[in-house]
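One structure below.
Note that the chains take the letters A, B, C and D in the order they are written out, and that residue 1 is the start of every chain.
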């Protein structure tokens, strides 16, 4: 790859954005560079970015999982409900992960084995899993978990890092290896590019899809539990609406919604861009709709500006000859 | 001069209702620079904006050179957004933060972290249920009182013979609505209200379209229902509109908590003959005074402390009887609105 | 079928007025000079064949003529007037239409609408009844029976090509460009197509005909132009050109046409199929295949040849009959299982079903047997992958700077070789080749043929499904002829001639 | 039967299976709920789906071109609020002007999306995910946290939802529902018979081919978004009329309801196939489930779980029915083609 191609790469653009945003943050807020702030910056969105990693694989594979936020909610509600019923916390956690796995099996079964579009299946899941969570906790807020559980989400365990951040970093490394070095990752790309060709090459496409949906839901369940640990209290609306934020991160990372292209480096950078932007704006007392509008505009501009540059470039070139 | 007289008169009157055990009032001296954040449940809703006005008014009176930051999340991101704002405020090391808590106990870890950094955490409108991480809650009204008021309104609308009614709430997770509904259920145990029969609770998620559809559906689901009690300003308007559109106002009345300017038409045409609310402007004003007093060290967050909150007069911190723990400042009282006073209040 | 220009009209059309003149056209893509000072004249009532290996610049020229690309230099004259063709729509307004090698249909629109979709002056409102009627009429002149109301999704390649042709005919064009229109047609359909092309020619349409099938070119063309490496090598009346000289011009050296493969010694019995069938698709197919044998599958498109391949490979499993492989009765249910039994199926549609185009050559080749390239942790050993790919690059002379290149950047012939490599890498005992030379140039074709011979000699049993009859005849030891889902005959190499095969394919039963 | 199969394709009766499912749902609910078959039930369902249906028509057009418009909820909210504010300020405004204002505003917002997608070449999901937030943000700023209240609106507007278009026996067909059905009919006929509209299908079916044969690809995508925006604007007006009090939260999350209606209605999310009629049936299907579930004597907390399950079942059984139909057609097709192709060959001999 020559230098120009490298410069025009999506990841380079994201890196440039990240540098600019970090620079502005440093310039405008004395609090930005504090260790506590940097930890908070991750910590405040840690569940979303964990889910964004597996969502990357799902979208590259040409599918989508809209039910992740509801599964997050469901998992935390299952734990809360079982805990309230008197289960020991560890078992309640295991049960919640298992419930996540079941949700993934349901998504995967209808998508891979019945052949329904994943958008439709997981849209039903978005409503349905949230509904099950609601049945479990109704209008209650359930708290009072053992201290060790709350500490998992709230207290630093590894130097200044919380266990969630460590899980995220580990999972990023694992996902990067899976996506870019392993057989599964290769199959994910192949299926996203051309599902029929994969099938005609003897790839067990159904099994791979099922696996991805199960992984997606189980990771979402884990993220839901981390969220519950961080907040220390569980309600029926846990993580509601997170799916759009997660998908935004993945798309800004340069992953095509039609599957087949994108990489984890891009998603990692896009996560950093969004988190730093949010943090910087938060420290500059910009919140609410202004913040979401800025991120929305960034999302559009990040694709629009390079496109426009390319168009102008080709038009100029056309004039030369 | 006249104003001053009025204010003094009001203060004197209020001093009478200040609860027992009030010590001598601490003086709240203005002119100190304190970074303060007012955090509504989310942006774009009238009551919170009114509270903001009240807080600004207080800020001006107290000549705080630091600008009051009115920061809030978007509605769809309320919980996570509130937590984020509290956390960032802690990072910035502001002096005080005033939260209309929409996150139940989920905000506790971040509020505790803020408190640990020496930030005064005042809640208003909606408290932290467990009171952990909270210095004091500025209660608009007594939450048990709310239940009684709602039962009273129901009885006065339905008449002595009572009748069946149902509740249209916000979301199942709305802590103050849940508290009020519980209070009402408690109140209903009083034989005075024995003729009132609660048929069920329905949720409109504080969205006008959902509330509207839910109100219509209630008509079918609860046969014989004569009243919809909606302790939410969004729900009550939508329910009233729904009954009006279906020409059911003769059979089914609407009541609850509503903003007079939004309810005017329905009170006038008899769909919603009576409803209640408190002044959000005053609530914002009082919250600011409280937070400022705490942040400047004029008072301490402990039962018995009292202070003079500008035009609103004297207030004291007491234990919150409606929660297991926590302190509160009770603003009160309710304003009841009906055909006689709604027009004036709507202006 | 004739191998020379026997049916050519005397005198040619060299004197007819030129309709479209391309003068000194040049086009460069990055470092590649795709076209270099090319001039070509198309005359009314003339079928002009354009020959050249893939990458010779034929497609670029066609795309310039249809307004997809703009030339860097040179001018285009239409009836003597210089014109600019800025877009496909503009080309259409000038009466220039093209039929591409890969059908460009709209899978969700029905057949009739596909035929009329590019009409600019369809009016405001669609008159479906009229459109169906006209579509049926046009297809009838083509001798094709299709349900014009059915969506184009799911049509076979041949049917799709028929729709493309119908589309061009419906436009009343003055210049018709046909880029490999016969690539997926069977001999019978080709005959009908040629009848139609001649009709168009007689109506004064100028036709540019691109094909890799020599015998067809000389059957129909009035004049022949050969491109090589973006340059025009020769333009001559067809009568003065022989297939051999044309090929020499194309590749720059002398080269033989299809050599009949010397029959290899028959090995033991590999596959025995008894009464194989799939409900509603094909039925009662029985044959044996020995190691080292090439069994040709001939028949019209849609006769069920591909479906047998798909059944043996487990994509669309058979519902009746018996498959005995290596002496064991097997029920093949999935491609995975088929592969484990040593079956490989090289699909006819390399873009849709064969390759993952944006991915590298090496990744495509290793895909079916990825497990072979894994470390114990399930990671891919890319160096080993690359070595395999390099091996095949040498063995099949795949022309590419390196094996990390995306397959999309290769020419059709080289893509086909990648496909072949991919399946050879599974070390198959039974290799099913479905149209292995569709749309690839003469040179590559010869290489594929040589490869088939080598593989057979190594003892692989090969099923060769092809609509290119000379190819089937030259390569096969025996030929199985299908018609409408039924097996019509199995002809021994000696008995298989174009005559006997066609008769069987058209519905005459032979005693095998 | 043969004749039927020759002239009607499964794709054309695609909506039939959904219609059957709706009828089945109504029958099942009817047997479970007392007094279900009343004009009131009909009214509840039709009124609740009218607005969604109008937006779903626009969404269908966008989805047909292989795009998606997630900004519709924000557009509906913005137009409802803005039109409401204008009507509150100018009571004498003629109804037509109010409708036009709403549609014009929606049109402008749709045009912004469309321009970015078609001419800026930004994927639609990115554009509309962004503008979903931006439009809502503009609305929150513009509103100054004020609510458009019912009493500030002119009387004719408030009476609009109660207006009957026609009354058949006990059934009142409300004007808003009639309007929605009218729009569906208009666009159904348009997309079936207008050559310009057929290009939407072509674009979504094979964008490369569309461009190659000289279709104005960008203009098609652009106009799909403009139409979606305009229809959302109209829906915004209907929203204003129906709900009266408009906060900045109006129609938040509607995009998911609309996408659900479109997907359940059988519009292929990857473009090229599906009809606006199907989208309406999808909206009616979901509306029926929602409204009927409410009538069941079950806990408020059980509704969403059952709704999710029913939507999944609807999509699945729809797919199953359609596949069955296709299989039946394919089998007869084969016979027909076999017979047809046999004849010319024999004639030749």
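The criterion applied here is as follows: a contact is a pair of C-beta atoms (placed from the backbone, for glycine too) under 8 Å apart; a residue touches a chain by one contact, two chains touch by 3 or more.
Just so it is clear, the model here is predicted, and its values are computed rather than measured.
Taking each chain's centre as the mean of its C-alpha atoms, the one that lies farthest from the centre of chain D is C. When the C-beta contacts at A-B and at A-C are tallied, the pair with the greater total is A-B. With centres defined as mean CA coordinates, chain B is found 36 Å away from chain A. Between chain A and chain C the centroid-to-centroid distance comes to 44 Å (mean Cα coordinates, whole Å). Separating the centre of chain B from that of chain D, both taken as means of CA atoms, is a distance of 39 Å.
With centres set at the average Cα position, the gap from chain B to chain C is 76 Å.
Shared interface positions of chain D, defined as residues touching 2 or more other chains, are 136, 140, 301.
The set of chain C residues that touch two or more partner chains is empty. Multi-chain contact residues of chain A (touching two or more other chains) are listed as 134, 138-139, 288-289, 292.
Interface note: chains touch in the pairs A-B, A-C, A-D, B-D, C-D. If you check the complex, the residues on chain B that touch chain A are 42-44, 69, 71-74, 76-77, 79-81, 83-85, 87-88, 91-93, 103-109, 129-130, 171-173, 175, 178. Interface residues of chain A facing chain B in the complex, by the touch rule stated above, are 31, 34, 36-37, 40, 44-45, 134, 138-139, 141, 143, 150, 153-154, 230-233, 235-237, 240-242, 278-279, 282-283, 285, 287-289, 292.
On the side of chain D, the complex with chain B involves touching residues 40-41, 44, 48, 136, 139-140, 143-147, 149-151, 158, 161-162, 239, 242-253, 291, 294-295, 297, 300-301. Contacts from chain B toward chain D in the complex involve residues 43-46, 48-49, 74-76, 172, 200-203, 206-209, 212-214, 216-217, 220-221, 234, 237-238, 241, 244-247, 259, 261-262, 264-266. By the touch criterion given at the top, residues 110, 114-117, 119-121, 123-132, 134-135, 138-139, 244, 247-248, 251-252, 256-258, 288-290, 292-293, 295-300, 303-304, 307-308, 311 of chain A touch chain D in their complex.
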